[in-house]
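Look at the two complexes coming up: chain A is in both, with chain B in one and chain C in the other.
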Partner chain A sequence: MKIKVALGLMLSAATLAAFAGPVEEQIKARQSAYAFLGWNTHLIKSQVSDHPETYNKEKVIAAATVMAAIAKAPLLDLYGPGTDQGTGWKPSHLKADYFQKQDEIRQINDTFAQEAAALQAVATQGEIADIKTQFGKVGAACKSCHDQIRVRD
Partner chain B sequence: MKIKVALGLMLSAATLAAFAGPVEEQIKARQSAYAFLGWNTHLIKSQVSDHPETYNKEKVIAAATVMAAIAKAPLLDLYGPGTDQGTGWKPSHLKADYFQKQDEIRQINDTFAQEAAALQAVATQGEIADIKTQFGKVGAACKSCHDQIRVRD
Partner chain C sequence: MNVKVQIWDWPLRLFHWLLVLAVTGAYVSGELGGSLTDWHGRLGSLTLGLLVFRLVWGFIGPKYARFANFFPTLSGLKSYIKGDWRGAGHNPAGALAVLALLTVLGWLVVTGLFANDDIAFEGPLFHLVDKDLSDKLSGWHKRAELPLLLLVGLHVGAIGYYRLVKKVDLLRPMLTGEKQFIKAQAPRPMRGVSPPRFLFSLLIAVLAVWAIQI
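So, the complex of A and B:
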C-alpha cells in the first residue's frame, strides 16, 4: 500500500514536471514573463507619466492587455520545487522561504491579476488620470510580491 | 536648412531610442515575449494534442489570451536599427536583411495577430478540434516569420 502511494506521488510529480518543464525552463519562462511585463509597464509609465505628450490610447490598451493576460496566466506553476536554485536567463532570485508562504503568495498573485484586469479596463476607457491611479495599484501589487519572495539585486 | 533637417532626424532617432530602449533592451524584451509565447504554446499543445486527457478549458483560454495579447503588442518597435547585432538574453538571431523586408514583415505580423486572436476566440468556445485547427494556423504564422527573418540555430 505504502509503495502504491509512493509510486502515485512519484508519478504525479513526474507529470507535473513534464508539464511545467525542467527547473531551468520554469525559471526562464517566468523571467521572460516578468521581463515582458516590465517592458509593457515601461510603455505605460512613459505615456501616462513621463511623456504624456506621447499618450496613444491604442498603445496603452495593448500594453495593459498584455499585462492583464500575463497576470492571469498560471505563473505559480513556474515556481516548482528547486526553482529557488538554478539559472534561467539569469540566476533565480527566488527566496528559499517561498515554499513556506504558498497561501500568502497565492493571495498576492490574485490581487495582482485583479489590479491588472482593472488597469486594462481603465485603459480602454482612456482617462489618463484613472490609468495613472490604477497603474499605481498594479505597481503596489508587484512590490508586495517582490518584498516577500525576491532576493534583492 | 540641411543642418536643421539632420538635427530633426537625430532628435527623432533619439526619441525613438529612448522609447524602445537601447539595442540590448529591445532584443531582451522581444526574446522574453517570444519565450513566454513559447511556454504558452507548449501549454496549449500539451492539452489539445499530446495529453488531451489534461485539457482544462480555463487554462487553455488563459494561454491563448496571453498569445493574442503578445501578438497584438507593438513587437516591431523592438526591431530597431542595430538589433540584428548585439545580445539580449542571448545573441540576436535576426537576419541582417530584416531591414529590407519591412512591408512583408508587417503583413506577417498582422496575420500572426489575427490568427492568435482567432485562437483566443475558439479557446473560449472550447471545442478541442477547432482549437487544434486554429493552433495550427498560428504555428504556420510563426513559421512564416521565422523562415523570413530568423537565423537558424
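So, the complex of A and C:
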C-alpha cells in the first residue's frame, strides 16, 4: 500500500514536471497568460475608468471572469528552476531572488486570486464604482509581486 | 541692526510648496499603486506644469527667481567655500542642489509621460513610443527614485544644518518671502511681481499640461 502511494506520488510529480515542460515552454506559457491577462485588464480599465460611457456590463463580466480564471490557475508551476534565465516569447523577466522568496510569492499569488475572484463578483453586480475600487485592489496585488521578483528594463 | 528684505516672490513660494505637495503625493501614490496609480499620473502632470512654470519664471521672473541670478559658477563656489559669499538669493551650493533637484524631477516627468506599469497604467504619451522603449523609460523612471530621495534628504538636511549650526532660518523666508540682513549688507528690495509676466508663465505651464493630454 505504502509503495503504491509512493509510486503514485512519484508518478504525479513526474507528470507535473512533464506538464510544466522545458524551460522555454514554461516561460512561454506564463508570458502568454500574463499577456492575455493584461488584455482583459485593459478592457476593464477602459470601461470603468478611462471611458465609462463605453461601459458594457457583459463585456466587463467576461473580462473579469478571464482574470479570475488566470489568477486561480496554478501559474507558479511555470516558475521552475532555470526559468529566470531562459527565453519564451521574449527573455524571462524573473529575478533569481524568486527562488528564495517562493513562500512570500505564493501568498501574494493567493491574494491576487482572491482579489480577482472578488472582482468577478462585483462585475456581476454591475456597480461601476465598486468595480473600479476592486480593480485597484487586483492591481495592487499585481504590483506587490512585480516589485519583488520582476526585472525592470 | 537687522532689516527684512523681500527675496522670494509669491509665485515662487507658491510654486515651491505646490511642488512639495505634488511630489510627495506622487511618491506615495506611486509606491502604493492600485487605485492610486491614476493619482500618480495626475500629480505627475501637475509636476510637469509646475516645472514648466518655474522654467519660464527663471527667465522672466523677479531678480532672485532668475537662473542667471543664482547659476553656480566655479568662482562663486570657491568664494562660498571660503565663506566669502555675500549674495542674497540661493547660495552657490544651494543653487547646485536646486538645479540637481529640478533636473531629476524633469527626468521623472519626461520618462513618466511615456511610462507604463505593466498592469493597467500608461503615461499620457505612451502611445507615441513602442512598448520596448516605454518599458526602458519606465525602468529609468523608477531608477530616478533614489537620486530624488537623496537630493530631497540633502535639501532638508541642509536647511536643518543652517538652522541648528549656522543659526540661519531658511524655512521662514520660503513662507513669508523675507530674509533677515544686517543693515549694512542688505540688498536693495526687488521689484514686485509683474501680473502680465506671471500670467504669461502660467499660460505656458497650462498649455504644456494641456498638450500632453491630446
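Heads up, the rule we're going with is that the second predicted complex is superposed on the first by the 137 of 153 C-alpha atoms of A that agree within 3 Å, B and C clash if a C-alpha of one lies under 4 Å from a C-alpha of the other, contacts with A are read in each partner's own complex, and residues count from 1 in each chain.
As a convention for this text, a contact is a pair of C-beta atoms (placed from the backbone, for glycine too) under 8 Å apart; a residue touches a chain by one contact, two chains touch by 3 or more.
In this text, all values refer to a predicted model and were calculated from it rather than measured experimentally.
Chemist: Overlaying on chain A: chain B and chain C, fit or clash?
Modeler: fit
Chemist: Classify the contacts of A:H146 with the two partner chains as first (chain B alone), second (chain C alone), both, or neither.
Modeler: second
Chemist: Touch check for A:T65: first (chain B), second (chain C), both, or neither?
Modeler: first
Chemist: Would you check which partner chain A:G136 touches, where first means chain B only, second means chain C only, and both and neither mean what they say?
Modeler: In the superposed model, A:G136 contacts chain C only, not chain B.
Chemist: Name the contact category of A:A33: first (chain B only), second (chain C only), both, or neither.
Modeler: first
Chemist: With both complexes overlaid on chain A, does A:T41 touch chain B (first), chain C (second), both or neither?
Modeler: In the superposition, A:T41 touches chain C alone.
Chemist: Who contacts more of chain A, chain B or chain C?
Modeler: So, of the two partners, B touches more residues of chain A.
Chemist: In the overlaid three-chain picture, which partner chain does A:T54 touch, first (chain B) or second (chain C), both, or neither?
Modeler: Only chain B is touched by A:T54; chain C is not.
Chemist: Rounded to whole Å, what minimum CA distance do you find between chain B and chain C in the overlaid structures?
Modeler: 10
Chemist: Report, in rising order, the residues of chain A that make contact with chain B in one complex and with chain C in the other.
Modeler: Common interface on chain A, chain B vs chain C: 38, 42.
Chemist: Of all residues in chain B, which touch chain A in the complex?
Modeler: Counting only chain B, the residues touching chain A are 19, 21, 25, 28-29, 31-33, 35-36, 38-40, 42-43, 46, 54, 59, 62-63, 65-66, 68-70, 72-74, 78, 89-90.
Chemist: Quick check: in the complex, which residue numbers of chain C touch chain A?
Modeler: Where chain C meets chain A, its residues are 32-38, 117-120, 132, 135-136, 138-139, 142-143.
Chemist: Could you pull out which chain A residues touch chain C in their complex?
Modeler: So the residues of chain A touching chain C come out as 38, 41-42, 44-45, 49, 132-133, 135-137, 139-140, 142-144, 146, 150, 152-153.
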